[in-house]
Every structure is written in structure tokens, then in C-alpha cells.
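Written below as C-alpha cells is the structure these notes are about.
A, B, C and D are the chain letters, set down in written order, and residue numbers restart from 1 in every chain.
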């Protein structure tokens, strides 16, 4: 495959499209599919045929605004229809060349206007399983550009200059990581895509893998070229069957088109990717645990150094990046590092995809420039807290993150800012809580998660999370004392400072942040035996004391 | 100077700590010069006194009665000493914790009894679900681990408590000593 | 064991200047110089897992604590093996271990020979502030010579490592996750019916009374794990 | 030296051939353990001792190590699941939207605890740690099919539908 051939495919895909006067995109993301958007697509296709309309019906990936699903987007008019069911098919079909269907229209301008789509640029616009669709949207152009016109060092430099930082949570500079692996000695190197999105309340990676899988494969291939790897693994949760099946079919297509495999782009570059299924272990998001899992072992982390960049999969230099990180690569190569570095804030460049959920009107997936205020995401894009309830906290970073109160909403979203106020960027889960949530119970919820997800290898995480869970449960059942609270704070410090891996080191964060911002709720539980949200059963003490 | 008021208490334990206490032998006379034993299984007092300077407590908290006692002792003692592993860790009495009181009572009073098997319920205090060390109920000032702590440990520790001198417990004793 | 190079490094441990070979760990160098760092999962002759976190030390210039057993020395490194902060964490870790399972020293065959018990004394642990978890755990006495009492296991995985790395049988491993982890033989079968070679190495390396020899009674069970470096040396010589 | 030979298939059941196929595709490499266990579970519904032993011996993985892997990953189950499986998500978004009430309703209705199967082997009640459909919270999966914005009543209604089948 050469750039010319790529252009030909793109041109023919576009001319194929031009045969139709309209395109009707039907969202087939997980949210809309769960509301049978596949049937909506079928009905629309039938209705079009019956009415003899000249329109192309496409299944697409996630359009983002899951709260309003199933979603249907009609182009070129740009009409977005919400809550569509098969009975609306005829109306939609009939509306073509006429006025849009008023009662189905979704008019959330402010939801979309504040967003900047880089990672999600194709989501909801292309058929994820049609490589032609991807190629027609400049897909695989970046890979061929890199292979033909750039040296591996040049690619690393471009990524470094873009300022891209790892989107998995840690925020490590991507270019620096690539440079380390590129410089590492060894004739065999690996590239791993971390799609073990175990963070509850986050589904960005799922959505990207389901909506635009080729983009991730392209990013991996570019990375492989840059660091000198010829083999890649993409580690996906077994709980994401749709993502796995779409990836499988995309891998086949990419190989068929010579975009993976040997002599990619008629160069000497060889690269292929295998899928590895996760099996339900949050800790496998930690890179050394993920490597152990790919090697077929228990997913327990090991002390670093040595870092995977020098000794990773089977002891070979290994580059591990997250799905969203890889999804950013192709546009950076195509449009340049300057363009990318022009978006975002001083030390956090580009955009971030967030899964906006919980007590918020517009649940779904949003992509915003770094530096945007939390308040804007929640109140403008998210449409605020529904049902006349009052905002209480927003949780970012999942079990490793923290809960931020109203007074912190004016900080800009960046790695450093979130960390400075006791939370983290994390992989992008953003869960809004209102006055019906008890913050002590929320802390207990996260501790239970960490306890069951602790691999059990190191003592502080294994036994410390269990002890903190016991003590928090005491408080949530009215049996807690101020001594218990002091013990919890003590354990937080030891678990944070002495645990072997990131899971343990960050497990106390939800407790520490709720203690920092909502300490009075803890005190109420202990002293007054009262839960202001009415969530905790304060008479359950006897059971727990046992 | 008036003598210190000393008390010793026996909760759920085997009395081994008291035996070891008595093993101080002639050194008990030295102790008697500075302290009066005002309450103890070794003396006749029935009620825990209003004010005690040092209370040595043997045994874990295993019943509602133990719980009531330890709270009262705490309220009336200036210095509370957890004496021996049962008071500090739960030790042997706590070995029933993973089994539960019902199964234990069944085994002791029903399964292994041929004549009139029944679980005693009159006068006998109700067992707590789990046996716990005394510091899970009240504040403890000094911990003297050991099963039992040796007579030397008692001597050194009590002397330090009486004289207000430094006390390095880990140099003297440990769990299971 | 780390791969030791010939290059010599000079570093400072607890304000004492010491020399070391490149590739040596902080723990190895400290022990050579009679500087004591507490350990539980570490055992000379086995691979290092860095799991017990007791050997964490402070390194000047880093706010993070570093496990001495898996960190190789660097020229000019300034290590502190003892501080108020380290002692506090080490004590809490020991408390976590004592509260995790049912450690009843007074009735344990390893009483007086137990590494957990000695460390408790060494670090001045007179009581455990945390609630005891009191898990219901089995005792496997199916083996003709040895017993496994899971109440006393601290999951240091020395048995797993010695069986896999030294004996070469890999009969032991860990099952489950988190606080539910348990050491097992074969497919979680009885030890006595497993593929165990009866070599007894696991018993000798077990730091507590979790694995013990049935012929020992009372608290008369010292353990002798020092054969490991010797075995390794003899193997290399062949 | 004895030459390593592959163990025979545990039975005539054709599904063992599928399991064997996965291992063969991976050259019987040790690192294929998790892949092979995935195939066992998708073919047989669970991992029993025979299956773990067969896979371990085929891949020359120590038995205890294979068992350790099988019990480490929560996606694997050692117990056969019921005819139907209801999985309620207990991820953060679902928790915030009251998934605990759904779980309680299902437990009440079935008379079992989460992670268990009814005595007649009909229905298993499982808890998921986020299925990534957070925008539709709270969600449940009935035999793998996802439904969002569930109420306790809807959970009970679904269980009743299965009961009358």
C-alpha cells in the first residue's frame, strides 16, 4: 500500500458516498445498542426503500450523548435525532428533502459547541468496521507518511514536541517514553496497547475501540516504527465483547490491505498485532501486571525498576500506552506537533475524553480541550444536576482519584491541577454526585473496590485496604469512633507510602479527598450517628461488631 | 507518703499471669512496702474500689460481663495495665472467634455431655460474638505482652510504674513469651 | 541474587561510608556491613519479590520509599535505613500482618523461633491497634511429615519460590486474590496427596509456624534456611 | 530423558478439540494459559479441575500455577453457572444511581446471595465491576444482553419472566 493507493481507496469511498443524496448515521455504540438501535437502522433502511429515497444508512460508533440515545444523525442536513425507536423510521425517511422531524430533534448546542474532537473525530461518523470509511477520513495516511517521509527519531521528536502525555492516568510524557524504548538495546521489542479499562465509571477506551478501532491500530503501528518493534499486543477486557469483535475484524482488514503485516507501505517495516483478552483484574492496568497477564501468569505487579521500557514483555524492551494515547498519534503526525501543542493548557496539551456519568443530565462521552474548567464540563456540557437536586461532588480518576466539592469546580482540567487538589486526571471517568450521595459511603464503596481488586502480593495493599474497609464500614453503620478515624488516617499514610504498585499507592485517595472536603460528614456519622444523605443504615452496628 | 492502691483483675484468661505475678516471690515484699493490693482474685474485696492507682488486667473481653467490668475498671483506675497476651491480643480465648459462640457452646454443653445436655443461661453472662483485647473497649496505658509475662518482667515493669522511671517493654518481653 | 559486577561503588548507608560492587542491592551491602534492615519475604538464595515492604529505606533526594531488597546501589547514594517515618510504617505493616490471620504465639510451634514474632519485638510492637480479622482458615495435616496451618501464613511466598526455584517441583503457588490469597499445593489439593517431593525445604524457609514438621512439639521448632546460598553455590560449581 | 508428550483429551467431548485448538495455535506455549482457559470457559461455561489439569499438562505449566491463575482472574468461574445469568453492574456510576437496590431486589427474589446460583440450577446472580455502559446506569445484563436505567421492579419482572419459562 502506497499513499497513492490510499488516495485511490479514499476517492472511491467518497465517490461511492456521493451517489447518495443523504447519509443517515445510526449510533451503534454500547449505550444506543442496548436500546436496540440496530432495529432502528433496519427500520430506517426498510422505510427508505419503501419510499424510494436515495440515502445511505450507516451504522456508526458512539455519538457521545448516550443520555439521549438511540441517536440518529442525518447528513448533509446535520439533523441530530434523539430517543429514536423503530416507529420513527418512516417519519425520518419521509423528512429527507423536507423539513427535519421537529419532535425528535436534539437541540443541545451548548453540549457540542464546547467540545473539541480529536480522538473522537470519527466516532459516530464512520462505520468502525469499514476500513474504507476510515481511509476516507485520512486514515492510515499518518502511518504511510511516517514510514515514507520520517525517520523513527523524527517520529519520536514530533510526539515529544506535541507535549502529549499518557492518557491512562499517570500523565507520563509520551515522547519521553517512546524515546527510552527506542534507545533501549535489543533486537526484539514490543508495543502493547493497554485497553484494560478496569476503572469503574469509565468507558472512553471501550468507546474508542468500538467506534474507531483502526485509529488505535494506526497509532500502534506508528509507535512500533518509532521504537523499532515488530510485534504488538492489544490487551482488551473480556467484558467488552463488541470491542473485541470489531478489533478482530479490523485487524483482518488492515492485514488484507497491507497496513499490518510484512513490508507495510512497501517499506521494510513489519508489524502485526495480536489481541489478548483480560479476565477481570483491575490491577492489570498496571503495566508490569499487564505484562505478567500477557505472559499467562497471575497479574501481580513487580517492583520497578527495571521499567518495561528496558525489560518488559519476556524481558524485552516494551512500550505500553493506553488506547486514548494511541488514538492521538495519527492526528499529531498528520497535522503536526505545533497544531496539537496549540490546544490545551501550558503543561497538559491536547484534549481529554471524559465519561460523564452519575447525577448529571447529559450522560455520555465528551472530549474537551485540556484546561477547561470543571464547572463548564458539568454545568454547560453536562447540563447540570437533574431533578432539582444539589451538586455535591465530582469524582475523577476512579478508585485512584478523589472527590472534589463545589468550591473546586473552577480549576482547569489538567494533570497537575487535579493532583494539586487531591484528585487525579485518571483515565477519564467523571462521576457527578448530588445530595443523595453519602461521601463516607462513597469512600467505603471505593475501598471495597480496591480491597477486592488488590492482587494480594504486598502486605500494605492486601491487608491495609481490607482494614480500611472494615473501619469505614464501622463508621457507615454507626459503630465508628474517633479512634477509628485516626486509625484510618494512619493506614492511609502507610498504604499510600509503602504499597508496591499504583493500585495500593492510590487506594487511599478517595478516603483522603473525602476527609479533606467532607470531614463533617464523617464526624456526623461518628458523633451524631447521622447520615445526612440517608444512605447509611446507622442501626446496623451490632452486625458489624461481630 | 501514702501507699499506692494496686488492683489485679481476671477476665477471660487462665490465671497464668496471676501465677507469674506471684512468682515474684520475695520481691512481692518489696512491692508491699509501696503498694496495697486493694482488689484482686487473690484478696477478698468484692467491689472494685472508687479509686485505684494501678490496675493490672489479665484476660480478654469475652462476655457482656467482661465488657461491663473493664469499663468500670477504666473509670476508676489512674493507670490501666494490660497484663499478658489474652488482654492484649485475645490469645487463646480468641481462638473461638472464627467458629462463633453458638458452635462452641454446643460442643461443650450438648455434644460432649451425656447427662442433661443444656446450654447454661442463668447467672452465666452472655458471650460476645468475638473475643477481643481490652484496648478495643477502653484506653490502655501500658501493655505487658507474654504468655505469661515473666516474674522479672512484672518486677521491672511495676517498679518503673511505681517510681515513674523509663520502661522499655520490648526489651523485657514479647507476644507468646 | 543480583548479578554482581566488578565495578566498585561508594555509597553512604546510615552515615557510614561503604563500598559495594555494581549490581549489588542495598540490602546485600547493608548486611555485609552489619547494618540491619528488617525483612520478611526476602531470603538469601531466593528471587526477590519486594512484597513485605519492611525493607523500605529512604534515599536522599527522593521522597519515595525504596525497597532495599530489589534496589541496586548507585555511586554516591545516601541511604537511611532507620527513621521515625520508617519505624512507623514498619510497625503498621507488622500490625496488619498480626491482625490479618490468627497468630496465637503462645500455642505456636514456632514460638521463640518465629521471624514475625521477633520483628514485632524488635520494632517495639506491644499491641495491635487494628481490629483482628479472625478469618476461618483450614489446617492441612494430610502430609505424613508436615503440616500447613494457614492461620499462621503471612503469604511471603518463600515456600512457593523455594519449591519452584530450588527444588524445581513448583508444587506450591498462591491462589485467589487480595486478602483471600492462600498458598496451595497442586490444584488446591491436600498436601499429602500432592506431587510434593517431601524435601522439606518449604518448611525450613517458612518464617512462621505456618509450615512445620510434625515431629516437633511444643515450641521446639527452629528453622534452618541457610542451606540456600550453599545449594546455589554448589550448583554453580557443577 | 523422557520425552514430553501431550496428555490425551479428557473425554470424547468435541469441545476439548476446540480447547486443544487454541493451545495448538499458540504452539503449546506456556503463555497461552489464559487464552486456553478463556476457551475452556466459553466452551464449557466454567473451569473444573479436569479442565485446568488438562490445560496445565498440555502447556507444561505447574498445576498450582494454573490453579493460581484460574482463581486470580474474576472473569473465570470454577462453578457451573445457572441456565440463566443475571449480572448487575456495581460500577461507580451504577452505585451512585442505586445499583445496591437492584442487587438487594434480586437477592430477595431469588433467595440467594450475589455470586450464587439458585438450588435448582436455574439462575445465577452475578455482580460486575463496571461493564462500561455507565451512561445508561444502573445497568444489568440478562444472559449477556444489556439493559439500562433499571429499577428494582424491572429486575424482579425479568426474574419472573425466567421463572415462568
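Rule of thumb we're sticking to: a residue touches a chain if its C-beta (ideal position, glycine included) is under 8 Å from a C-beta of that chain, and two chains touch if they have at least 3 such contacts.
Source: prediction; values computed, not measured.
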Task: Pair exhibiting more inter-chain C-beta contacts, A-D or A-C - done: A-D
Task: Longest centre-to-centre distance from chain B, chain (CA-based) - done: A
- [ ] Express in whole angstrom the distance between the two chain centres, defined as the mean CA positions of chain A and chain D.
- [x] 25
Task: Separation of mean Cα positions, chain C and chain A [Å, integer] - done: 39
Open item on the list: So the centre of each chain is just the mean of its C-alpha atoms; given that, what is the distance between chain B and chain D in Å?
Closed with: 51
Open item on the list: Quick check: how many Å separate the C-alpha centres of chain C and chain D?
Closed with: 35
Open item on the list: Show the residues in chain C shared as contacts by 2 or more other chains, in ascending order.
Closed with: 129, 131, 174, 176-177
- [ ] Name the residues of chain A that each touch 2 or more other chains.
- [x] 281, 298, 452-453, 455
TODO: Give the residues of chain D that touch two or more other chains, as numbers and ranges in rising order.
DONE: 65, 68, 72, 74
Task: chain A partner contacts - residues on chain D that touch it in the complex - done: 29-35, 37-38, 59, 61, 65, 68-69, 72-76, 90-93, 95-97, 128-137, 139, 144, 146-148
- [ ] Give every residue of chain C touching chain B within the complex, in rising order.
- [x] 98, 102-108, 111-112, 117-118, 120-129, 131-132, 134-137, 219
TODO: Would you pull the chain A residues touching chain D in the complex into a rising list?
DONE: 30-31, 33-35, 66-67, 69, 197-203, 206, 237-241, 276-282, 293-300, 355-359, 363-365, 395, 398, 429, 431, 433, 437, 442, 445-446, 449, 452-453, 455
Task: Residues of chain C that touch chain D when the two form their complex - done: 160, 164, 169-177, 184-188, 195
TODO: Enumerate the contact residues on chain C facing chain A in the complex.
DONE: 49-53, 56, 64-65, 67, 70, 88-89, 92-93, 96-97, 99-100, 129-131, 133, 154-155, 174, 176-181
